[in-house]
């Protein structure tokens, strides 16, 4: 089920979401005990169905008196079965837990149906600051400011009011600067399980021609 | 599609089995158009999955540009397919609409889970939303969302399910948005006679974005 | 410079000046305005896609940059300082280029200039990297927005079983939650925005690359930077190292497509390796 090679940039994002939760350790569970397997599958389906928030493996494991690896294995199998059957919904691992959600291919149908104020656009400044925090967390206000070259107080306030970033600790050095990191809401907004599922930062290092242009313009030797 | 041939037990078995919703007129839909059928099935699944309340046939029919008899027919077929596959959930016709719900056979698992006190705490997000409603009622969903900066549908649903908040009126503006307030049971649990007995806010002035959200003309809101 | 007005700051709206009056050369115009901070401005000036990248002259950039700096108003002291630091580096570079080779600055000054330039370049690249990453995150958020989670929650008949969620809550808790919802988090200001430490050294990176690049073989840039991939600064410094080797003719650089992998090939001889090392040593002193 890991065969989904991203064909191009456009499809990549959807793939990340669909596959969230696939990148996890799974177990070969004892398929011979069909009755037990069916009980766990149905239990997971029922529990996730009645939950308004993503349900962590550990919670499902405790409720069904089994272990997390078994839970993950069954969840992935369930998720695949919905996909195989072309269901209009998915079981996905997002923001630290399993949830039912609409299938991305049904976006047209539901976007006419659901209109709400969700996901007000973030300014480019806020988005860039969020990217820096996501990749460099834990990070202090001063470090973010150094990368952006501007004061980031206002942007940080917006981001923490939206619940996308939060104080996650204090620097041990002198000054004990507050350190920021991203939250579960951030992961949910991006449709990922946790920050490790972000595309590698190396992917965004500027292409050669940009680099050359910068280097060329700022070269220090005689023209 | 509208030449509703009353059922003669043709392609889709529509015998009443489980509950209301089965006892309804269904149609022989054009199964030859498999693509259209799949589109409708998936659309129904997606729409019902993301809805907080049971979704009436008419709403589904409108969203998917088809007729109610077709919707009912497909819903019954979907419902049967979940039953055949021993899923832990059902698609059921309840209170005038279709909804996903946990399978009755899973009731024990869910009861244990619900009773287990571990999940019995208002999340900080829910508590803050409740506080905003308590102090700023009557207030619309959109206004709460603007203050919190995130979608509050799920949280509002939890709060009203628990009976802490309720619809207390409609805005007179063009959108006639539903207005929320706290309930008697909320006051009762906090040991106060009414919301005016909450600790006073004194000369606290809310930040600009909150004032803006509260003053904003209530926009047409799909409730 | 009326930039020293530290009080009134809209931190997010730094220098949104209309730039059409920018006293720029014929090919450079900062017409997009609304840029944010010095890196934004400089990136915009250099990478403005309306001009042929290779025809942008440093002089034009310096002029356009200074024109924007002069227009900075109501900008806080730290931001202004950052702009000025970069302006001074740009001016140094320009001066250096105007001097005939044999009238070069003294060695210390020269080295300091190289270092400043490298640091500026690193920071520009870092800034650009996060800019592009931000766009990718935005695309992810957009496509995630096409998906809706189930929010229905518990069925009514189970609710009676559920313990009261407000048990042990008091009116004061509600008050506290309200204040928390309203109040922005308290901020401690460290105030070192313009200080950044570039720990990575280009020289070190070149040494490292000379060791890892096989004779006649090729490696992708990704492979060369795999071990430092989560530190942008380190990746950027390796970029500079590759460029330095490229300038000296020791490596070939090849890239397939816009975001394709960059391939680096050693085309020099064994002797060249020594020469490269020596050359670099001289370059850094």
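A, B and C label the chains in the order they appear, each numbered from 1.
Heads up, the rule we're going with is that a contact is a pair of C-beta atoms (placed from the backbone, for glycine too) under 8 Å apart; a residue touches a chain by one contact, two chains touch by 3 or more.
This structure is a prediction, so every number in the text was calculated from the model and none was measured.
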Required steps from chain A to chain B (each step between touching chains, minimum): 1
Core chain by centroid distance, with centroids computed from Cα atoms only: A
Which of B-C and A-C has more C-beta contact pairs: A-C
Remotest chain, chain B as reference, centres from CA atoms: C
Centre-to-centre distance between chain C and chain A (centres being mean Cα positions), rounded to whole Å: 24
Chain centre separation (chain B, chain C; CA means) in Å: 45
Multi-chain contact residues (two or more partners), chain C: 148-155, 158, 184
Per-residue overlap in chain A, given as positions that touch at least 2 other chains: 49-50, 52, 89, 100-103, 110, 114, 118-119, 161
Chain B residues touching chain A - in the complex, by the definition given at the top: 38, 41-47, 49-50, 63-64, 86-89, 100-103, 105-106, 109-110, 112-113, 116, 119, 123, 125, 141-142, 145-146, 148-151, 153-154, 157-158, 209, 221-222
Complex interface listing, chain B residues touching chain C: 49-53, 99-102, 110-111, 114-115, 117, 120-122, 124, 126-132, 134-135, 147-148, 153-154, 157-158, 161-162, 164, 186, 189-192, 197-199, 201, 204, 206-207, 210
Residue ranges of chain A in contact with chain C within the complex: 9, 13-14, 16-17, 49-52, 54, 89-90, 92, 94, 99-104, 107, 110-111, 114, 118-119, 122-125, 127-128, 130-132, 134-135, 140-142, 145-157, 160-161, 167, 175, 177-178, 188-192, 198-223
Footprint of chain B on chain C - complex, ascending: 148-156, 158-159, 161-167, 169-184
Of all residues in chain C, those that touch chain A in their complex: 9-12, 14, 36-40, 46-47, 53-54, 56-58, 61, 76, 78-79, 82, 90, 93, 96-97, 99-101, 113-114, 117, 120-121, 123-155, 158, 184-185, 187-196, 221-222, 225, 229-230, 232, 235-236, 239-240, 243, 253, 255, 258-260, 262
